[in-house]
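A short worksheet on the structure shown next.
Labels run A, B, C and D following the written order; every chain starts at residue 1.
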Amino acid sequence: MPPALKETKMMVKKETDYSLREMMAIAAAREINDGEIVFCGTGISMLAAMAAKNISAPQSTIFFETGAIDSRLEEVPLAVADSRVMHATAVNGGLAEAFATMQNRFTGSRVVGILGAAQIDIYGNLNSTVIGDYQQPDIRFSGSGGACDVASFVNRTIIFMQHEKRKFVEKLDYFTSPGWIDGPGGRKRIGLGPGGPETVITNLGILRFAQESKKMYLAATYPGVTAAEIQQNTGFTLDLGEAEEFPPPTAKELKILRERCDPQRLILN
Amino acid sequence: MKSSQNKVTKLAAAITLLVKDNCHLSIGGFTINRNPMAAVYEIIRQKKRGLHLYAHSNGQGVDELVGAGCVTRLEIAYAGSGRFAPTCVRFRRAVEKGELKVEDYSNYQMTLRFMAGAMGLPFLPTRSGLGTDIIKHWGFDKALRKSDETLPDQKLTTIDNPFGDWCNSPKLVLVPAINPEVTIIHVQQADRRGNARIQGLTFADVEQAKAARHLIITCEELVEEDFLKQEPDRNQIPFIHVDAVVPIVWGAYPTACYKHYDYDPRYLNNYRLAAENEDKYQAYLIKKIMKTANHQEFIALNDDEHLKSLIADPETGYATGLKRN
Amino acid sequence: MKSSQNKVTKLAAAITLLVKDNCHLSIGGFTINRNPMAAVYEIIRQKKRGLHLYAHSNGQGVDELVGAGCVTRLEIAYAGSGRFAPTCVRFRRAVEKGELKVEDYSNYQMTLRFMAGAMGLPFLPTRSGLGTDIIKHWGFDKALRKSDETLPDQKLTTIDNPFGDWCNSPKLVLVPAINPEVTIIHVQQADRRGNARIQGLTFADVEQAKAARHLIITCEELVEEDFLKQEPDRNQIPFIHVDAVVPIVWGAYPTACYKHYDYDPRYLNNYRLAAENEDKYQAYLIKKIMKTANHQEFIALNDDEHLKSLIADPETGYATGLKRN
Amino acid sequence: MPPALKETKMMVKKETDYSLREMMAIAAAREINDGEIVFCGTGISMLAAMAAKNISAPQSTIFFETGAIDSRLEEVPLAVADSRVMHATAVNGGLAEAFATMQNRFTGSRVVGILGAAQIDIYGNLNSTVIGDYQQPDIRFSGSGGACDVASFVNRTIIFMQHEKRKFVEKLDYFTSPGWIDGPGGRKRIGLGPGGPETVITNLGILRFAQESKKMYLAATYPGVTAAEIQQNTGFTLDLGEAEEFPPPTAKELKILRERCDPQRLILN
């Protein structure tokens, strides 16, 4: 992490009453529309889905790849297979049912997926497998899990990233999960249906994809972060022209996130 | 064996009989839930070597088998234990050191591979993976695949939809079936013949179970056949698939078993810390696993109060309010 | 519609809204069990015409829709009502007279076709059918298939296994997905949002339900969401698939509904007798169906004692000792 | 039915204390080995499976294509979807699970299927779809149902037939379910696994398939029926050289069949 960023991070922490993780969770929660089916992975994406459900999208449905649909989350799960996701669901199935629901166009078109990754490129393609050579990696990560499936199937995805130059790259070390592939028409050319990444939420700001070019651009900066800092931490050139300042979490949002979603601060810390 | 009326077996005997060195093994469960940990530890105690392991998004069971040196090849979608280890530590180390050959698939691809095995099919199709490196990069190369008849000749393949653009799917990825020699799953309830009931999410356990030539079921509770037959809608695995039934309480510990007990955050955190350091890990292996004669002794390393804190609330199915930091 | 919190609808309204003339409809159930008969009779009352019907091994629902002239094309594996009509009578007559175009598949092929639809796939493979006339003879010819984009371009097709002889399967039959515009199934319990629980065998209802663009669930009991959520392991269909929930007691009568009531042997035998004679059948249609305003009136044609004799024994799920000659 | 056969039928009925249907059910029951998984269709095949379980194969497992496995049959079901098959099973699944169990080699190889048909040829291939032209049939039957699937997948099949010349034919009007196809190696050539028809049980006798040629031959005649009569009612030439007289049902077999399996005579009549 470059020194500038460390400062920024601390500054945000000091000047305001919320952490970056809280900001990120709230930013993602705001992206979720009421009535949507929300696929969540482990960690902050779960928190975002819980926050959305408790704040602005009470009719959204939380949904896990492990087969739980409409989980009643009374405590934050620490994995998508946590028994907490099995409580008071509509149906407890398995992975086969969960992914079929996403591949199925009638339901998949209503799913928003929240993903994370180790690397992202300008078209929102993701790497969560290795850094370095695939056969002899410098760093090995967990692998795709459901990420490739979700990114292939669902209507739109929201992506969480740590904003660093080595993570926002020209070329992925390994292409795990499809975004917009190589631009307009890319998904169709390789045989995928509609869908694709819509928003990237980082510890510095919010990025989206241009309608025409499908290239990532800077949509918003967090309070105290400049567009230039974000470009400095990105390994490809971003259009910075659309960047607005992101409205910080409200007191109500923070209260619900902290008291209702993660009172033990298992994910927030 | 599969038509026996009483398949109840001791764990050590079942592992000795069915899990041979170099065999193709699959284990059930997902990340930190319902891994067949008692069986995993027994495999480690019996020093099995050269296993070709299939797992799904798993998690504690995989990492312990890899860490103990039992596994040579691994086919998997995700090696992580949720917040306790976003990437499994010993797995990561083994891959980075070149000690473990891995074939990567996505979760759904692995599900479909087990499902194909269970359905008696050579492959199943999906749109997942089109255009990605999961298709391009093979962990097991053509030469290896050609030399080993227990492997399909390709990692996967893509085809044009023979029905044109039916369902707006011009191209499909075909993933090859897995038929493990042995699958081990842990369930909440089973009877002597092998009928089994999983409570809560089934993950891909049912597919893994039915895909296997041999199936070992470890269970929290051994129940009467009539008990299971009173509510057959709640059962998933009929006895015809099962070779051995091993009743073993806390059989998934330190992972969770819905409606019975939660995962043990203290154990999982300590495991990660040990896994990150070579000496600590060897000490962990000896103290916790090799020096305990069986799962009962392993469980008895915990004081009763700690175990009690993990017991599931009957309503929610997990240990409500458990300290999980 | 599918995200509504309250999908409870009157049957007539649901049929009017979702089942249009010429639409592609699938109905659940199997032979003489859990056919959505209330919906079938309502479709007949509303004089729907030109339906393209998908069914499995069905049975009473199919024969009544065919007999009443609602169906132009039928894709099916088996048209029979068990001992009550080894071949459905009106179906047989319509085919022999050339009034009904049929596309034949096997049971498993139909299951896989609905499953492919539910999985969002264009096809699924099987070994079933290799070498048979099910592959060679097409009910819907190439010209018809080409002219109608709601049909796949082939009945089915065979391919060589791209993985060589993996799983000893050199060749596979690929069967194309079905995605009906509307599926109607009858279940034991559902809540207002559409979460549903089937008791006993599910047949292919779950696949048919999830394959459809629109789904109507008729249910014996409308229950609270919390009731179903207390035991989610026993539910099969989450509300996200559902458009309309229609509570309707005796909704599967004269077919059976496990744990609720048995099939009605008297009705089914009388139906067969009527079906075998043109005049009798027209009289049957008028008296039993067209002249009853709704399912409640239709059921009320039976005296209470007769209905009582059909009530399921809570232990076995059927009417123990029912006179079935 | 030719006059000779009618006489035979009545003779059997008169001279002994059992009906032809009883004889057929018992003959099939004797074919089932203890420990096998028995797939049954509707009607007499169900009765045969129940008889086997109650007489000679108590550890056999009754299994229905509708998804019921190890049903506890306290009353004879009148269809494979009868609620009676759902009682006290090991698992109540659906068709997907049932056929997967048969296509799965580890389980399918332990299944014996009992089928019926409208026509059969010398290799045991079956027609249960139409008589006459497929597009404009003289007689339309129910169609394959599970017959094609079972005949394709399982280890061996037992087939019930009415013994008439128009049903034992040189060439099927429609080939619904595979037997030995066109002789040795036939199944393999079209891509099917091992398995195939083993026994044909008719109202006149028992037929099997020669090891080498896979052609049907006469294995046994019922008491009072001659091999010549059977040939007369068969549309292709049978090897009659191996025919023995079939041992009639024992008093014990009949008692169990009548009192335990079908006391209401729902199938037996």
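We take it that a contact is a pair of C-beta atoms (placed from the backbone, for glycine too) under 8 Å apart; a residue touches a chain by one contact, two chains touch by 3 or more.
Computed from a predicted structure; not experimentally measured.
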Shared interface partners, meaning chains that touch chain C and chain D: B
Centre distance in Å when chain B and chain C are each reduced to the mean of their C-alpha atoms: 38
Rounded Å distance between chain A and chain C, as computed from the means of their C-alpha atoms: 41
Centroid spacing, where centroids are CA-atom means, of chain A and chain D in whole angstrom: 58
Per-residue overlap in chain A, given as positions that touch at least 2 other chains: 86, 92, 103, 105, 153
For chain C, residues that touch 2 or more chains besides their own: 120-121, 126-127, 167, 169, 172, 179, 200, 233
Category of the chain touch graph - line, ring, star, complete, other: other
All touching chain pairs, where touch follows the definition stated at the start: A-B, A-C, B-C, B-D, C-D
Touching residues on chain B, where the partner in the complex is chain A: 29-34, 56-57, 59, 76-84, 86-88, 91-92, 95-96, 98, 104-109, 111-112, 115, 126-134, 136-137, 139, 158, 167-172, 200-207, 256, 258-259, 262-263, 265, 312, 316-318, 320-321, 323-325
Partner chain A, residues of chain C touching it in the complex: 2-3, 5, 118-121, 179, 195, 210-213, 226, 228-230, 232-233, 235-241
Chain A residues touching chain B - in the complex, by the definition given at the top: 42-43, 65-68, 74-75, 77-87, 92-96, 99, 103, 105, 129, 134-149, 152-153, 172, 174-178, 181, 186, 190-193, 264, 266-267
Touching residues (chain side chain B, partner chain C) in the complex: 116, 120-127, 152-154, 157, 159, 161-164, 166-167, 169, 172, 174, 176-177, 179, 199-200, 233-234
Residues of chain A touching chain C in the complex: 35, 37, 59, 61, 69-70, 72, 86, 88-92, 100-108, 110, 153
